[in-house]
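The following pair of complexes shares a single chain, chain A, combined with chain B in the former and chain C in the latter.
Let's look at the complex of A and B:
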């Protein structure tokens, strides 16, 4: 029972992170290998506000997320856009953007190590126990879970109920045709990329409430987010949320029953399984 | 063989022969740098064999390299060294076949993602196995193989890789791979079994990386998962190959030599900024010299030729 609840709480934050990546890959069509580093940057942001200004992560989220939005928007405009223009076809863009974001991820790791140092970081926030079904859980985990729920619901409503959300969906389905009906495709792509980065950073800030992190841990989260997105289906938001819970549950089970050092290995096994039997994702239509 | 290829045989042999003399001249710093150059030449060239024509970026070199290293480190007390090197090649081939079967039938992105975390995945498993089965986290590799011998072994491997690359380049397989790289759908319509062609070449590439790891194992006297599966190896191989240029067999070599020398300077003077500088060099290559040094040289050369022609007309 313990495993189920902790897995569920962890899965909530994973869902948020994976939706961030999904916006970048599914809508903006950029495979962003620096995604995990932006997440860690979010964690560092929350850590910095907490340790220097005693600002609660729940409040600093409102500073970190818009900052991440602007930062990612700039990355798209100045680093990704030239590649989009240069690329002769989709494959070329894919290779270029993978290499560029891969390089970016190193730059971020290098910068964060230079600023904060290479050791592990954590801070204690809301470390009181909270009773749930006769078991006690860290209140910080529950707070992080609620943050993800709020963000996911807000995003879901925004994407499905607003005009901008509609253009976003249109570009996700057919970027060429979207331009024909008067949608500003380049701006929408930039918006999706920036929004994805912002959501990821928010995920990072909420993860930092209960997880220890260091400057180079980002790639693990990139992997996890990618595995979740592939498992759920590149453009299926519901699928991604369910897959995030599956991964959170499997990881928690492996960490408590076998060894905490094997969490990525567990995620990998899941990944291999998906690739072999359902590469289009559990809830996706056709593989793209 | 074309006339041009026949003419280049002698210079190529001269280069290899003079390289083989290096250990006789110096067994200190320059030998150790030369080992790194040859090691990365083998790794980057074998990486290019697969990733060059197909444009599938493999980030798994460290995984193969580490597997090879561990094969030697783990089996040294039971089996002779040459056999272990051979075994490392087989294990690398099997691993590559499994990865290939799982991912290369799908679009390229799955392959990149899979290889991105592969070294870390294997590292976690090895660490776990070692800590649950034994008490120590590493293995000792004690042999009487000197650095000079390692260098010669690697040089021989490099010759093999270049020979293999040349042969693949003119075979049906190499031709099929170039078509796949240009347009996979066209390749499939031509009747090429695209998945099979990709998997075969990935096996070749992975197996070579494992053998390289096996040959280098005696250089470290103590091997542990963190060293053997260091992800840096994968990234450096990719960056060197891209810097040199991946559309020619000898392209990576032109990237390996300057980068290894430069990297040696960087890690001596800025040991804490290596990650940052690696990232910056990545971006510089992607944005400024997308076709590598070879592409740059060829462009200048063709401009020069056409410039000369205009003068004559």
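Let's look at the complex of A and C:
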């Protein structure tokens, strides 16, 4: 039971991070390998506000997320857009964007190390126990879970129920047709990328409530998000949410039942199995 | 009125369209006939803003210069384009496709009015509102495509080979639907290989050969033109019946 609850709590935050990557990869079609670094930047943001101004991460979230949106929008306009314009086809864009964002991830790690230093960071926020089904869990974990639930629900409704959300989905499934119905495709791509980055940073800020982090931990989260997105299907937002819970559950189970050192290995094993047997994702269905 | 003057497209050194000038008024069907590779699709894609064309080319609608604008601004100006392959969102539902059609600002106010128009034209779409477009038949998908285009409240509707890949029966249905669209007051610019059926519904026609317009006239006159009969009405096996009747 313990494993299920902790897995669920962890999976909730993973879902948020993965939706961030999904917006960038599934809609904007940019495989952003610097995604994890933006997550860590979100963590540092929450940490900085908490340690310098005693600002609760639940509040600084409202500062960190819009800042990340603007920052990612700038990255898209000045770094990614020239690549999009230059690319003759999707394959070339994929290669170019992977290389560019891979490089970008090193720049971010370097900058964050230079600013904050190379040690581990954590702060104590809501470290009271919270009783649930006769077991106690950290209140901060539950807070982080609730943050991601709020974000996921809001995003889900926005994407599925509003006209802007519809244009986002239209660009994701058929970018060329999107131009024909009057959608400004370049701007929509930039919006999706910036929104993805903002969501990821929000995930980072909520993770920092209970997780110790350092400047170079981002790559692990990039990989986790990637596993979840591949598992859930590039475009299915509900698939990604379910996959995030699967990963959270598997990691927790392996860490408690076998060995904590094996969590990453278990995640990748899962990843390899999915690539081998269901490359379009568990919930991807039709791949066009 | 849609007016195009001296539009040329180059692919490298190859000329895909050369000095094309045409006009299309509201309430008329204009067809551009030409063999495969004559430059028909390129021409429509250039007007729609997808394919860039040479400086000096001029496109205007209702007197507004829209030369060299990106696709989404061309739609805003009042030209809807149904490309080859239909340009629909096959992973989304019928309802979502139609809602997306009304995305241009100029179409939003008239969304419910246009939706009524589309559903009157294609009652089948009302029954299939929630269906994912990919799972529909070719003819039904073509209805979604035309419906989506009408939702953008255009002056001019451009279609690239709407009959492609459809059975003769469905093909006939599509052409009949286009006549209904014309009755609604839209201008239609059609590119076709199916000369027989398209000339039957068209008001005027242009003949495109080797990237140039070689002839322009009323459809009723071109149908009897010996050159047209030889090149377009006798060429295909399935149109021999028509040819015999004419001879």
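Going forward, the second predicted complex is superposed on the first by the 285 of 288 C-alpha atoms of A that agree within 3 Å, B and C clash if a C-alpha of one lies under 4 Å from a C-alpha of the other, contacts with A are read in each partner's own complex, and residues count from 1 in each chain.
What we mean here is this: a contact is a pair of C-beta atoms (placed from the backbone, for glycine too) under 8 Å apart; a residue touches a chain by one contact, two chains touch by 3 or more.
Note that the structure is predicted; figures quoted are calculated from it, not measured.
Student: In the three-chain superposition, say which chain, chain B or chain C, touches more residues of chain A.
Tutor: B
Student: Is A:259 in contact with chain B, with chain C, with both, or with neither (first, second, both, neither)?
Tutor: first
Student: Mind working out whether A:223 is in touch with chain B, chain C, both or neither, as first, second, both or neither?
Tutor: first
Student: So, does A:106 touch the first partner chain B, the second partner chain C, both, or neither?
Tutor: first
Student: Contact-wise, after the overlay, does A:169 reach chain B, chain C, both or neither (first, second, both, neither)?
Tutor: In the superposition, A:169 contacts chain C only.
Student: In the superposed arrangement, which partner chain does A:33 touch: chain B (first), chain C (second), both, or neither?
Tutor: After superposing on A, A:33 lies in contact with chain B but is clear of chain C.
Student: Looking at A:122 after the superposition, I want to know if it touches chain B, chain C, both of them or none. Which is it: first, second, both, neither?
Tutor: Neither partner.
Student: Chain A residues touched by both chain B and chain C?
Tutor: Residues 288, which sit in both footprints.
Student: Mind pulling up the chain A residues that touch chain B in the complex?
Tutor: 31, 33, 79, 82-83, 91-92, 94-96, 98-100, 102-111, 113-114, 216, 219-220, 222-223, 226-227, 230, 259, 261-262, 264-265, 268, 271-272, 275-276, 279, 287-288
Student: Considering the complex alone, what residue numbers of chain C touch chain A?
Tutor: My answer: residues 48-50, 70-72, 75-76, 80-81, 83, 87-92, 96, 99-101, 103-105, 107, 134, 148, 152.
Student: Which residues of chain B touch chain A in their complex?
Tutor: 55, 57, 102-103, 106-110, 112-114, 116-117, 120-121, 124-125, 127-128, 131-132, 231, 235, 238, 242, 272-283, 285-287, 290
Student: Of all residues in chain A, which touch chain C in the complex?
Tutor: It comes out as residues 163, 166-167, 169-170, 173-174, 176-185, 235, 286, 288.
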